[in-house]
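We call the chains A, B, C, D and E, going by the order they appear; numbering starts again at 1 in every chain.
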Amino acid sequence: SKADPKDDDKKSSGEFHGAYPFNKPPDGHFNRGGGPNGLAPVAMYLLDGPYSDLIHMPGALWEWEAKKWVYYLAESSEFSADFSTFTVKLRAGLKWSDGKELTSQDYLTTMYVQWIQNSPSWASIDKIEAPDKQTFVVTLKSPAAIIDRYILKSAVIDTGTYGDFANRAKALVESGKATDSPEAVALNKEFNAFRPKGIVASGPFTVDPKLITAAKLTLVKNENGYRAGDVKFDKIILFNGETPDVAPLVESKDVDYATHGFTPAQEKAFESVGYRIMRPPTYSGPALFINHDKVKAFSDKRARQALAHVIKRGDAGAVALGDSGKAVDFMAGFSDVQVPDWLSAEDQGKLNKYENDLAKAEDLLTQAGWKKKGDSWQTPDGKTAEFVISYPSDFADWSAAGDNVAEQLSDFGIKVTPKGQKFESYNPEVDKGNFELAIHAWGASQHPHPHFSFSADLFVHNIPIARNAGGRGMGFELKVDSDTMGKLDLEAVVNDAGRGLDEAEQKKNVTKAALVFNELLPIIPLFERYGNNPVLEGTRVAKFPADSDPMMKNAPYGDNAVVMGILGGTITPA
Amino acid sequence: MTGEPLLSLKHVSQTFASKRGDLPAVRDVTLSVARGDVLCLVGESGCGKTTTARMAAGLAKPTAGTVEFEGADINRMDRERHRAYRKAVQFIHQDPYASLNPIRTVFATLSAPLRRHGLAKNRDEAWEQASDLLRRVELTPPANYLAKYPHQLSGGQRQRVAVARALALNPRLIIADEATSMLDVSIRVGVLRMLTRLREELDVGFVFITHDLAIARYFGAGGRIAVMYLGEVVEYGATADVIDDPRHPYTRALLSAVPDVDPGPEGRRDPGLRGVDIPSLTALPSGCTFHPRCPLFVPGTCDTAAPALRAVPGAGQEVACHVVAGKAGDPDAVGQPAGSGA
Amino acid sequence: MTETALLSVRDLRVAYRTGGGRMVEAVRGVDFDLYPEQTLALVGESGSGKSTLGLGLLRLLPRTGHITGGEVVYRGSDPEGTDVLRMEGSRLRRWRWSEVAMVFQGAMNAFNPVLKVGDQFADTMRAHLPRQRLGKAQVRERSAESLRAVRLEPGQVLDSYPHELSGGMRQRALIALALILEPRVLVLDEPTTALDLLTQRAIVDMLQELRAERGFSMIFISHDLALASELADRVATMYAGRIIESGTTPDLFRAPRHPYTVGLIRAVPPVRAGAVEPVSIPGAPPNLAQLPPGCSFAPRCGHATDACEATDPALRTVEARPAGQPSHEAACLHWESVRLDTAPAAAQDGTPNDAPAKEVAQ
Amino acid sequence: MSTTAPDVASVRTGERTTGIARRILRNYVVRRVFRSLFVIWVVTTVMFFMLRLLPGNPVDTYIATQMRAGGSYESAAATAAGLFTFDPSTPLIQQYGDYLWALLHGDLGNSLTGTTVVEKISSGLPWTLFSVGYALLIAIGVGLLLGVLMAYRRGGVLDHTVSVIGSVLHAIPNYLFAIILVVFGGVQLGLFDVADIRGTYTAGVEPELSFTFVSDAFYHASLPVTVYVLTTFGTWALVMKASTITTLEEDYVTVARARGLSDRRIGTQYVGRNAVLPMIAQIATQGSFVFGTAIFVELILKYDGISAELFAAINDRDYATVQGILLLMTFVVVFSNLLAELVNSALDPRIRESANGAGG
Amino acid sequence: MTAIAPGVAEPALAAPAPRTDGVWRTMVRSKSGLAGLVLVVLITGMSYLAPLFVDDHNPVDAQNRWQGPSGEHWLGTDHSGKDVLKQVVLGGQTIIYVGFLAAVITLGVAVVLGSLAAYYRGRLDSALLQLTDIVMTVPAVVLLAVVGAFFGLTTPTTLALLLGLITWPVLMRSIRAQVLSLKEREFVEAARLQDLGNMRIIFVEIVPNMAGYILINFIIAVTNAMYALVGLYVLGLAPLAGANWGIMIHQAWTYGAIYLPEGRAFILAPVCAIALFQLGLVMLTRSLEEIFNPRLSKG
C-alpha cells in the first residue's frame, strides 16, 4: 500500500541517501587528522570511511581491476627511476572551501601531521619537500611497494587549520627527533585534543555543523571544491547506524546505497522491495583459527588438512552470507580473485584445493594418529575429540560460520561446541591464546597487495603481533618445515613480499608464502566475503555501476566504486 | 494476699521515644502478685495497662525500675533463672484471632513448647500432654480439636487454646491482657469461669487486665485491683474495697459511667467530670495528671504537686489524691467541685 | 405516638457471595418500623447480622453483598414513601446522609486519612447543598456549629488530620458529620465499642441531648445490652440474621420471653455487688452457612424440644399494643415458659460454653 | 457536664518538645543524607574497580565497531592502533586517587576521545530524561487510571483484557518491541516515516524554546515513548488495581459513599489518592530503571540519549564516561528515593509525623 | 532488566490464612487459573519430555535456508536451514531451568536475609539495607557485564546464580517489611514468650505465613529471570552455546529474521513460547492469589 506521493517525496532534487556510522558531536569532532583513507585519522573524527573522500579528497584512488590510479587532487605521480623519490604533481587552481588556495604546502601539512600521528607511512620516508606550488616530493628511506598508496590515498588537510601543528612537527623532524621522543609525544597529545570549529573541505561536499543529528548527517555542496561541477548531487544524506539500525531504513527505501554487512534474510527482503544487491569482493573473510599451542591434536598438518577436507566451505558461506559468501577455492592465503595475478598457472596447479572429501579426511586423520571409535574420533592421545569454537556473537556472518563449522565437524565425529562472545571481549581472548578453535579474519580488504593478506593471516593473531596484547595468539611457529619449500622463515618471506619495488621478486615471495600456506594451513579460510550492498535505482539515483562494471572489483572499504562514481559524475540523480 | 510475692514491679517506668517527644506510657508503678493471687489492672484505653503487663512478662525492658521474679531482677538474671522465669510466667493476649499462628494446628501450637523444653520426648507424649491441656481448658474430647487450624475454631475455643498453650509450661503466674474483651458476651463468662477454676485448682497467680470494671470485679473477687490513669496507679487495694467504695475521683467517675441494664433505684450518677478529653502523654498536665478533669480540683494544690499513692484512713485501699487523702473518711463530702465555677 | 412509621422494613433479606459461588444469608427476613423521634436498639452477638442490616438500609453493602428480597420504605417529606431499594443514581446519593446518616462501627477509619477533617465536612455539604448557598465561610461556620454540638473545639478539629484526633474525638467528629445535614434517621453501628468508659458515657449522654434537641430517630446497633437499655425506647434482639424478640426496653430487659435474650442478659456480670452470678450460653454462635433446620438457637437452648428442631418459629405477640406503639414479640415456641429468673438447666452447671451443648457441626 | 478543655493545664513540656522534635528531624535528615552519600561513594568505588576488571580495551572495541559496519578487520585495526588517550599502565590505586580527587573538584574527567564527560552527559541526558520521563508519566497516568477502573469492575472485560494485554506486552523485551514497531508499523504499514522520525530532532531545527522545536521534539520522541508506554502500562495497571482493591475495602470509602459524595470525588480524593500512596516508593525506584532499560530502544531508534551513551561507553571501555554516567545515575536513584519520601510525606499526613517514630 | 518493571508485587499484608481445603477446587474453579496451569504444565512438559521422544539432531541444510512453513517444516527453517519447530520444542529446558533456579536463589536469599534483618533489626538490618541500596543502585548491565566476563557464564547454573544474585534486593526489602509487621503479631510474641528459639520462630512460625506472597513472587521472579536471560544473550554477555529460546531470539535478531516473511516464525515462535509460558504463570498467579488471600475471592 505504498503510496506514490511518498516515493515522489523522496525524489527531492539531487539527494543521495547513504548510510554509514558516524560520530555525532560532542564525541565526534572536526579534527580530520592527517591519515590516509582508513588509516589514522584522530579517533572519533566525525566521519570515517569512503564518504569522507567526498570532503577531504585524497590525491588519488585505485582502480583494482585496471590496476591504475584515478587522480583527484593529484594530476600525476611517479617514482624516480632509482626509486629513491616519489613525486606527486597537484592540479592547478584547487581551492579550499574557505577560499584559500590548495597547494603542495597542504600536502606537506598532511604528511607532517601524519608524522605527529605516528603513521606507518613515515616508516619509509626520509624527507618531504614542496619545490613549487604544485609539486610534492618524498625522499624514500627504503623502497616499499606500498608507499605510493599511503601518500596518494592520504586525505589532504588544509594548512590554514593544521599549519601550526605541521610547522612544529617539521621542526622536530628536522632536528632529528623520533616519534617516541617526549616532544613528539607531547605534540601528539596536543594534536589529539585539537578541536577545529569546522571543516575546511577540498572535495565537492562539506559538512554544515547545524545539520548533524544523531540520526543523520547531511553533506552539503562545497562549490569551491574540486569536481563540484562534475558531481550531480546537491546533497548527500548519511543515515547513522550499524546493520540492525540501518536495515529498516533500507527496507523502507530511504537509503540508496549501504555498505553494511547485511544478513541473507535482510538481503532477500531488500530485493523483494526493489533493491539490487551489488557484490563487490572484499578480498577477505572468516577463517577457522586453531590454537596450535593448546590443541596438540592439530599440530600435525595432516589433521588440519583433514579439517579442510571435512568442512563444506560453500555451506558455511551460504549460511553466513548467502550469495555473498563464496567458498575459498585456492586456499592460498589471499583472495582467489587475486591469485591469477600473482601465481603462475603452474604454481596455481600446485595448490591443493581441499575438495570436500570425507574419506580423504579420515585417511589423513588416521595417518596423523587419530582413531575413530563408534561415531566419534579420538585424538592421538586417546581422548575423545571435543573442542570449543569461539566466535564473536555480534557479527552475524562469523557466528553463522562458526555454528556451521561446529555442526559440520560434529557430524563428522569431532564434537565441537560453539561459544559466542561479544567481540570486545572475544578479540583480546584470541590474542591471549584463550581459545581452542576460533573464527577470525583472513585476507585484506584495504590494500590489494597479498603482503597485507598474509600479514593478516599469519601475524595479526599470531606470535609477532599478538605479543602486543600479551599473548601468543594462535601460537603458530613461523619458522616452518614444509614439503614444498623445505625449511623457511614465513615471517621473512611475507615481509620480503611487500618490500622493494621489483615485482618479479615480490611474486616469487608471494608464491612461496602461498604454497607453504596451502600445505600447512595454519588457519583454514572458509569463504571470501563479497559485499551485499543494496542499491536502489530509479528513485533518487538513476543507476549504479552494473555488476559487470570493472569498477565492481574495487574493494568497497578501500576504494569505493560508488563514491568514485559520484565524484566522476557517472552516478547521477534519477 | 497470700505468701511471698512471686513477681513484683518496683517503680517501673516505660518511656517511648516518639517524633513529638518522649512518651511516658508508664510512670513509677509498683505492684506485686503472689501465687494463686489475682491482681486486676483497670483503666481507660491508653493508660499503660498493656505496657505494664509487657514489662512484667519480660517482653519490654522498663526504662526505669525493676521487675523482680522471686526477688531477682529479671533483666539481670543468669540464663538458668531466666529460663525458669520464662516458664513460670506466661502471657495471654487479647486477641485470640491473632495470637494463634493461622498456619499451625492446635497440636503443633501446643506441642512446640512441650518439645522445646523437654517436657515431651516424642510425638506420642506430646499428643498425650496436649490432650491433657485441652481437657484442662474444657475442650473435650481433645481429639476433636488437636488437628484443627485456628480458623476452624470459634473465638472462645481459640482463647481456650491460647490458655492451654500458656499452661503447657506449668506456669505459676499468668498475665492476661484483656483476654476476654474480644469474645462475645455469650461466651465470655465461660472463659472467665474456666480461668477462675485454673486459679483455684492449680494455684496459678493472675495479672488480669481489663477495662471492664464488671469483669474486674467478677474475676478479681478476692484479689486486688489497681486503677491506672495516664501511666500511674491512682487507686490500689482489695477488689471489693475499690469497687464498692471507690475513693479516687477517677475511679468514682469510672464506676458511675458503667451502663447498667437495671440502674437501680437512685438511677445512674453523673460522673461529673470537668473535661472529656484525655490529655496527651506527650504533654502531661502538671501536678496531678487528673486535675484538668477532676471534679474535686483544688487550684494551687492539685496542679502543682503530684500526689503519691497513700493509704486512706477508713478505707482498705491506697489512693493517689491530695484531696481525698487530706479529708479522710467521707469522700462524698469533699468540698465543692472546684472547677465548676472557674 | 400515632404517626406513621418513618422507616418501614419488611422481610428484608441480605446475602453475601462467598467463595465457591455459595451464598450466605446474613439477614433473613427482618421486619420493623421506626417511628419519628424513636430510638430502636438492635442487639445481638457478633455475626448476628446487625451491621449487615444497617448497611442494607442505606444500600451500602460491599461488592459481595446483595439485598435479595423485601422492601424498605422511607417516609420523609413524602407521606407516600419512597422505596429505598428502587432508588438509583443521584437520587440515592442525595438521599443518603441528608435523610439517613450512619455512624460506623470502625469509626477510627471513617475519615479519609489524607484529608483534613474540615475538608471532609465541606465535601459532604457540597455534595448535598446547592453550590450558591455555600460560601467558604458558611461551610466552615456550619461545620463549626455541628462540632460544637458534640463538644469539640472547631478551630482545632477542622484543621486537623484524622490521625491527629484521639479515638473519642474522632467518634464525636463523625457524629457531628452525620448530623450536619440534619437527617431524620441516624444509624449508629456500635459507635462506642472501641472507646473507653468515660468517653462512651460522654457520647451516649450527648446523643441523648442531641436527640431531645433535634428530634431525629436512631437505630442503635450494639452488643452491649446495658448501653442499649439506656438509650433506646425499643429493643430488638437479633440472632442468626433474624429478629427473635422485640419490644419496649422494659419488655426486653425486665421480662424477656426468648431464651436467647434471657441468656444474653444473664451472661453480663453486674458491677454492683449482690447481683446474680452471670451464666454463659452454652455452645457457639451459629455458622450462617450451616444453620440447623428449625430454630437456629435450638442447639444452644435449654428449653429446646424436638419441635424446636423441626420448625423455625415466627415472631409471636407476647403483649399486643395499639398501632404506633411497639408490641412485645418473641420468636419462640416456648415463650410462655421463658422467664428471666428461671434459668435453663443446662447453663447452670457450668457446661463449657464452647463445647457444643448438642453436637452441632462446627 | 462541663466541656472545658484543660483550662489551667500548664503544659509541662510544650516548648521543649518542639525543640527536640526539630533536633531529631534535623538529625534524621542529616543521617539520611550521610547514608545517601555513603551509598554513592560505595557504588562509585565498586564501579571504578569493576570497570577496570572488564576485559578488552578501547582499541578492540573500536575495531569491532568498524567491523560491524562492514569494514575489514585489518583496515579497522590499522585505523584504531595507538589512537586513544588511554594509559592503562598507571597503578589502579593511583588512578582511583586521581579520580576521587578530581571528583571532589567537580571534574568528571575526559572521555577517551578527549571530549569532557560533562559535555557528553549534557548532550544525552536531557533527551533520556525527556523521553523516559514523558513515557513514565503517560504509562503511570494511563496505568493508574486503568488500574482504578479495573478495580471498580473487577472480573469485567476491561480487567481481563488489560491484564492479558498488559502482561503479554510486558513480557516482550522492549528492544524487540521497538524493532517490531519500526518494521511493521513504519516500513510495512507506513504509519510513520521511518527515516524521518529517527533521532531526537530534525536536522536544522534550532534547539530553542520555540513551538517548532518543542513539537519536533515530541514528534521524534513519540516512537521511544510508545515503546516504553506499551511495555509498561500494564504492570502499572495491575499494581494499581491491587492497591485500589485494598483501598476500596477501607471504611472511609464506604463512609464516603454513605455521605452521598459524588463518584468522582470518591474516586479521586478518597480511593485514588490513597491507593497511589503505597506506589510512590515504587515509582521512585523507576529512577534506576530509567537509564538501564532505555539502552536498546535508544540504540535502535537512534534516539540520542544517555543510555545509548552509557552502553557505547561500556563497550568502548571509556572509563571516565561510564563512571560519569554511573555517578549521575546513582545520584538520580538515591535522590529519587529521597524525593519519594518527601512526596509521600507531603501526600500522607500520617507519615509526616511518624516517619521516625516507634524505633523502640 | 529489559523493561521498566515496577518490580515486586505489593506486600499483601492480609494474613495469608491458607485454606487447606479447596486449594485444588479454587484452582480449578477459576477458568483463567486452570488455563494458566495447563499452559505451564504443557510447556514445561514439552520442554522436558520432548527430548526423550524427539531426535535432537537438527541438521543444517544450507540449501533450504529461510523456508516458510511447510509440511516438512511446520514452522519453516532458520538461517542455516534448521527446522524451527524442533528448536522450539527442544529449546525450553535451559530457559525454564534457569528461570526456576534463579527464582529459587532470589527468593532464598531474599527470604533468609529479609527475615533475619527484620527479626534482629539493629546493625545487621542496617548493614543489609545498605547492601540492598548498593546492589539496587549499581546498574544491572554493568554488573552483568563484569560478572559475566569473569565467570564465563557457560553453564545454565552459573547464569541462574548470577541472575539470582542480582535480583534479590527488591524482594528482600518487601519480605523484610512483611516480617517486620508479622513479627509484631501476637502469635510471634507468644512463641517468644515460650522461648521457642529464634530460628524456629523465624522459619517455622513467621516465614510460612508469607507462603502465598513468596509463591507469587517466586512466579514473578521466574518470568523476570527468563527474560533477563534472553537479555543476556542479546547483550552478548552469555555465550551462545547450545540451542534454546533465548539463543533463538538472539539469532533471529542478528540474522534479521523479522524482515523476511518466511523468517517470522523463527523469531515469533520462541517469543510466543516464552510469552505463553509467562502468561500461564501470570494467570496461575491470579488463582494462587485467590487461594492465599481470601479477601480477593469472588463468586
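Just so we're on the same page, a contact is a pair of C-beta atoms (placed from the backbone, for glycine too) under 8 Å apart; a residue touches a chain by one contact, two chains touch by 3 or more.
This structure is a prediction, so every number in the text was calculated from the model and none was measured.
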Enter the minimum step count from chain A to chain D; a value of 1 means the two chains touch. 1
Which two chains are joined by the greatest number of C-beta pairs in contact? A-D
Roughly how far is chain C from chain E, going centre to centre by Cα mean, in whole Å? 51
For the pair chain D and chain E, the C-alpha centroid-to-centroid distance in angstrom is 23
With centres defined as the mean C-alpha position, give me the chain A-chain C separation in Å. 91
Quick check on chain C: which residues sit in contact with 2+ other chains? 63, 151, 202
What parts of chain E, by residue number, touch at least two of the other chains? 149, 253, 259, 298
Going through chain A residue by residue, note those that touch at least 2 other chains and give them in order. 243-244, 251, 394, 422, 425
Of all residues in chain D, those that touch chain A in their complex: 54-57, 60-75, 77-85, 111-116, 119-120, 123, 179, 182-183, 186-187, 189-190, 193-195, 198-204, 299-300, 302-304, 315, 317
Considering the complex alone, what residue numbers of chain C touch chain D? 55, 58, 60, 62-63, 93-98, 101-102, 104, 106, 108-115, 123-124, 127-128, 151, 153, 161, 163-164, 174, 177, 202, 205
Could you list, by residue number, the parts of chain A that touch chain D in their complex? 1-3, 6, 17, 20-21, 23-27, 29, 35, 38-44, 48-49, 117-118, 120, 189, 192-193, 195, 210-216, 218, 239-245, 248-249, 251-252, 254-255, 259-261, 282-284, 392, 394-395, 422-425, 427-429, 440-441, 443-446, 452, 455-456, 460, 531, 556-558
Contacts from chain B onto chain C in the complex sit at residues 44-45, 138-140, 152-157, 160, 184-194, 211, 213-215, 217-218, 240, 243-244, 253-255, 257-264, 268, 271, 273, 276-278
Which residues of chain A touch chain E once you look at their complex with the stated criterion? 243-244, 247, 251, 262-266, 268-270, 312, 314-315, 318-319, 322, 393-394, 396, 399-400, 403-404, 407-408, 411, 417-422, 425
